[in-house]
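Below: a set of structures, written as structure tokens.
Same chain, two partners: chain A is paired with chain B first, then with chain C.
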Partner chain A sequence: MSVATRELRRRPGRFAFVGIALALLSTLLLLLGGLLDGLVLGSTGAFRAQDAPVFVYSADAQDSFLRSRITPAERDQIAAAPGVTGTAGLGLTLDAGRLEGTTGTDNLLDLAVMGYEQGTNVLPAPPGPGEAYADAALQDDGVTEGSTILVGLGEIPVRVVGFVDDTSYLLQPALWVDLDTWRQVQTASRPDAAVADGVVQVVLVDGTGTPESLVTAVDDATGGATSSLTRDEAIFSLPGTAEQNATFTALIGTTIFVVGLITSLFFILLTVERRSLYAAMKALGVGTGALVRWSMLQALLVAGTAFVLGGLVTLGLAQALAGQIPLLLEPTRAVVTFVLLLATAAIGSLIPLRRIIRIDPASAIS
Partner chain B sequence: MGPINLALREMRRRAGRFVILVGAVTVLVFFLLFQQALLGGLVSEFVGALRNNDADGFVYGELARDNLQASVVAPDTVAAVGAVDGVRQAGPVGVGTFTASVSAPAPDDRRDVTLFGYELGGPGGPDNVTDGRLPQAPGEALASDAGAGFAVGDTVELADGGTISIVGVGDELSFSVTPTLFVSFDTYAQARTAQNPDASMVPPSAVAVWVDQGADPAAVMAAIDAAVPGVDALTRTQAADEAPGVASVQQSFSVILLLGWLTVGTVIGFFFLILTTQKLPQLTLLRAMGVHTAELAGAVATQIVIVVAAGFALGALGTTQALSGGSSGLNASLSGGDLGSAAAILGVLAAIALAVSAWRIRGLDPVDAVDQGADL
Partner chain C sequence: MSALALRDVRKVYPSGDTEIVALDHAELTVDDTELVALIGPSGSGKSTLLSIAGGLLTPSEGSVTVAGEDITAYSPKRLASFRRDHVGFVFQSLNLVPFLTAFENLTVVPELTGRRGAATRKRADDLLEELGLAARRNVRSTDLSGGERQRVAIGRALMNEPCLVLFDEPTSALDTERGEQVMGLIRREMTERGLAGVVVTHDRRMTGFCDRTVEITDGHLAA
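Showing the complex of A and B:
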């Protein structure tokens, strides 16, 4: 161990190549992971805030929240389905608004106006008419408790009575209101998508049995007029979520592969360079295992340092690009990236193992 | 032995390390080209219908925040915009997503489609028809060719009622990452009403504008903003580039691509520097025997060119194969320009790598060969 660390201390320049490359790749991995988290978590907060195990859409909506419509009659059928113990309506309008007293397009707030009728672990019970719980992200735009937001084309006044965390929908911060207030906003802002009294877009279902059995029971009870999804399915049915997840996961996987390739390339070169040194050490009785551990330790130390450098660069980029890209740096993502980087670097350092084993101690004196 | 022969012989003798380097460059080039294609595909799928539209500009409701899908304008806004100086013609545009399926000639599964309604013969239509023709009557559509499987002659049935005949197909006309059908505004309005029976009216989403011959679209849009209250007028380019998601996607991918190219440069540069450093005794000896620096640098240059060219060719081939397999789920493709600019960047990085190695070779003192011999 002391040989490995001493070499790193005495000849850091030798490891600069792999260190810089791994630092760049660490930055890339953290950015890709941060973008994925920013896009997925920022898009799905409103759904993750729900406790219900089943989300019910109208069948012809293709699992689209905005196009789904559940009539009161259909809701009655859902409530009567075997195993269902409770239902709650949900409605959504993607809209804009502005704080009372402000003017101009620069002061507009992106809003996902969510109508709801059941509190959850994240959401308090619905507020009174004309009141709202605002997503905490709106605080960055100057919204405070007691603020009045004029929502949509109808400039419907909604007073903020509290804040909730992590409830955005498709990167738009949510404004949680009661269903009647939501219908007012929807009808004023989207006259072509107005909803009648009692109509909701999605029905949340609680019940006994598994979510899958509830899904079947509800869709059977409505005669196929509904398309029910489990909570996880509903989250991944949000526009773009599954595609973003697949694309970014593939990019992260490719980057990890490149990490392994570069590390192995570097250690192959290093092994070639150290051949006579390894032969001499073997002649002095140092085992192959010790030599491999030497390389692996160096790989781990270089990768660890590179991760720290890459992390600092990523933090700098996150500061510089704040608000321009949906980057969310989560500690768990950083830990996973760190472990993946170290594991891949360690595996990469094992690639020249065969060359090390084949080194003949006798070559030290030949 | 010339520098090229020297370089080739070394590559043959130490094939393993060069194969790994080619592999690393191949993977990195694949990675970068694939992302480049994804970026182009994503942007095209988001706003192709705006980019390849014949309108010079679009007028949104002021609450839209550059989002056509969130935009609503009052019906009388169309006439108000049409009356502004510099506007040749204005027409309503309606955009919405619907559930649909092809019912003929062969029925298939339901899918999401975007209806892009505009006044037939007026602004707002597509400008790159690749097959068939533009719609000329209600109930006809030109479809975006985004791998959605629409073809001229298909009949599309909307889930909430109504049928549409495909009379034309065009490239890069998708909107909001769904296949898009350009139809008459009336067809769009009927579909909207069928989808939302409670709708009190179907207002336009926006107003499409043709400006007078020779007029500057940006100046006309500014005039519209000044003359018509409650609207936000954008040129076609602004409408496409400032649409939600597009700017952030472009910025995110730019950072990723920059980091990727830096990694490629680091790998190529340092690898050849290490190789050069490992061969310093031999190179010093060759210098002492009269081989000129340029010849030795030429050998390194030959190796760099071969490694980079092979890595680029294999990476580009892999990318085109992956894209043709549709693995991205997007209408992503690589243009000649994409490949050309990637090759140019790689060429510059290779030149930098060569310069670093050549600098190291140039610093060799032939006398050191004698010293090395004395050491022996």
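Showing the complex of A and C:
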């Protein structure tokens, strides 16, 4: 055991304040990260479930899925563009439905009815007409395999034949159906925006070359009637995603800054308090490096313990708030937060470095 | 060979536009097993001399030789390792690490300078035994009595088997009786080990424990 750990063990009180502060800030960081992941992943699941490198929208849609329409003629032009090896249509209706046999507005399910024609890593090949793969989130609302959901104003019956994970769109769980079933739903629920046979909203493009070159090739081939995005651009252009990212990243950054502020303040005070002890240690031949490591090890241990406490609080809160907020606790997020917290605490403990260097060993003798 | 040799040492501190001469033409030789008392009024240059002798300060002029090694031109880094290996210090305010035990206070410097190990632990235990602190080995320094703390500080100064031990006003905080006890202890420990030392003091009564007394006034030494 080292001086650093002995001091922590024998004088826990002096580290309690900074420890509690860092535990609270860890909780805040984990909650912010969890909310960001919950919001962003909950908004983008349907897109992330696609493997295609390029998403093609109609030019007048301004990258909005709901406004976009691609006609069969345009789809033929897309398919003929150089480098394109395959196309698949996608359609979306944000709608509500209810489990067969239930009544009342309380039992309405928010749904993103997704028409698709190509299986992916996440999605099996499209089910038969009137059948659906449901997002697993719908299980919380009592949907089981074999359930029938009456979808939209047309109360179109759709039978659930399986579940898929993490495919919601703008926090609405998806119901994956074939394109014809989707067109029925769209036409019944949004008669003003009905889609004709063969029309889809977005065309997914597979091909050779980089996604960027495919984007250019497709938009050239349609004479500017389409506006294509790479998969990442499409995910990022989903309504609110960029804004959520920016807002939460700023909040997380501010919190990290506060972590740095608190640790550096703490270690500045500690350095002031240890001044004469450090001078004596230096007089006895101890180098600045060893004194700095003493503080830094304490910063890392305090931050590590605080993270564990903050993590437990966050898990508790997540349990208590389950289903009420879109909180998603991802292992990667936890690891990133842990590393960020420790790195910031370590840097904070280095802030008094100049002060420590300047302590004159001769000042040990008065 | 002498444990310490100061030759024509001068130390000036800049002070605004002028400079303060803290030591001038200082000549001092401390023999191998000699204990020298350094006495002088406030501001006379005692601390400056002790610091130069211990490699904490470099002189403005002159030369410093400790245990046969000329350290005059050493860099701060080299001085630090020289002090670590060859010089013992007992500070006026002791400066023990408060949350460490008597034993840990003896081993903390070796630990922080990468010299932990069985030999270090053995030496610490031997010193505690010799200083009558074996029973207090695992007591934190904040829970030790003043005299015990003083002995721990002496033990810490002896850990690196120094050639020269420097005491900065070891009795200033103590009444006469306690002061004499401490000086008696220093005298005994130094003689038993055959070590050389310099004891800075204000108090003429303490000089009797030393082999020789050197007086310092306004930066000038006189035997």
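Rule of thumb we're sticking to: the second predicted complex is superposed on the first by the 364 of 366 C-alpha atoms of A that agree within 3 Å, B and C clash if a C-alpha of one lies under 4 Å from a C-alpha of the other, contacts with A are read in each partner's own complex, and residues count from 1 in each chain.
Simple rule for what comes next: a residue touches a chain if its C-beta (ideal position, glycine included) is under 8 Å from a C-beta of that chain, and two chains touch if they have at least 3 such contacts.
Remember, predicted model here, so these are calculated numbers, not experimental data.
Enquirer: Looking at A:317 after the superposition, I want to know if it touches chain B, chain C, both of them or none. Which is it: first, second, both, neither?
Expert: first
Enquirer: A:361 contacts which: chain B (first), chain C (second), both, neither?
Expert: second
Enquirer: For A:105 in the superposed arrangement: first (chain B), second (chain C), both or neither?
Expert: First partner only.
Enquirer: What's your read, chain B or chain C touching more residues of chain A?
Expert: The partner making contact with more of chain A's residues is B.
Enquirer: Report for A:251: first if it touches chain B alone, second if chain C alone, otherwise both or neither.
Expert: first
Enquirer: Is A:191 touching the first partner chain B, the second partner chain C, both, or neither of them?
Expert: In the superposed model, A:191 contacts chain B only, not chain C.
Enquirer: Write out the stretch or stretches of chain A touching chain C in their complex.
Expert: 2-3, 6-7, 10-11, 276-277, 279-287, 290-291, 294, 361-362, 364-366
Enquirer: Hey, which residues of chain C end up touching chain A in the complex?
Expert: Touching chain A from chain C are residues 47, 50-51, 54, 56-57, 77, 80-85, 89, 91-93, 95, 97, 99-100, 104, 108-109, 111-113, 140, 156, 160, 166, 168.
Enquirer: List the residues on chain A that touch chain B in their complex, please.
Expert: Answer in residue numbers: 16-18, 20-21, 24-25, 27-28, 31-32, 35, 60-62, 64, 66-67, 69, 94-97, 105, 108, 110, 152-153, 171, 187, 189-196, 199, 239-240, 243, 246-247, 251, 254-255, 257-258, 261-262, 264-265, 268-269, 272-273, 317, 321, 324-327.
Enquirer: Using the touch rule from the top, collect the residues of chain B that touch chain A in their complex.
Expert: 16-17, 20-21, 23-24, 27-28, 30-31, 34-35, 38, 61-65, 69-70, 72, 96-99, 110-112, 159-160, 177, 192-193, 195-196, 198-203, 232, 244, 247-248, 251-252, 255-256, 259-260, 262-263, 266-267, 270-271, 273-275, 278, 328-330
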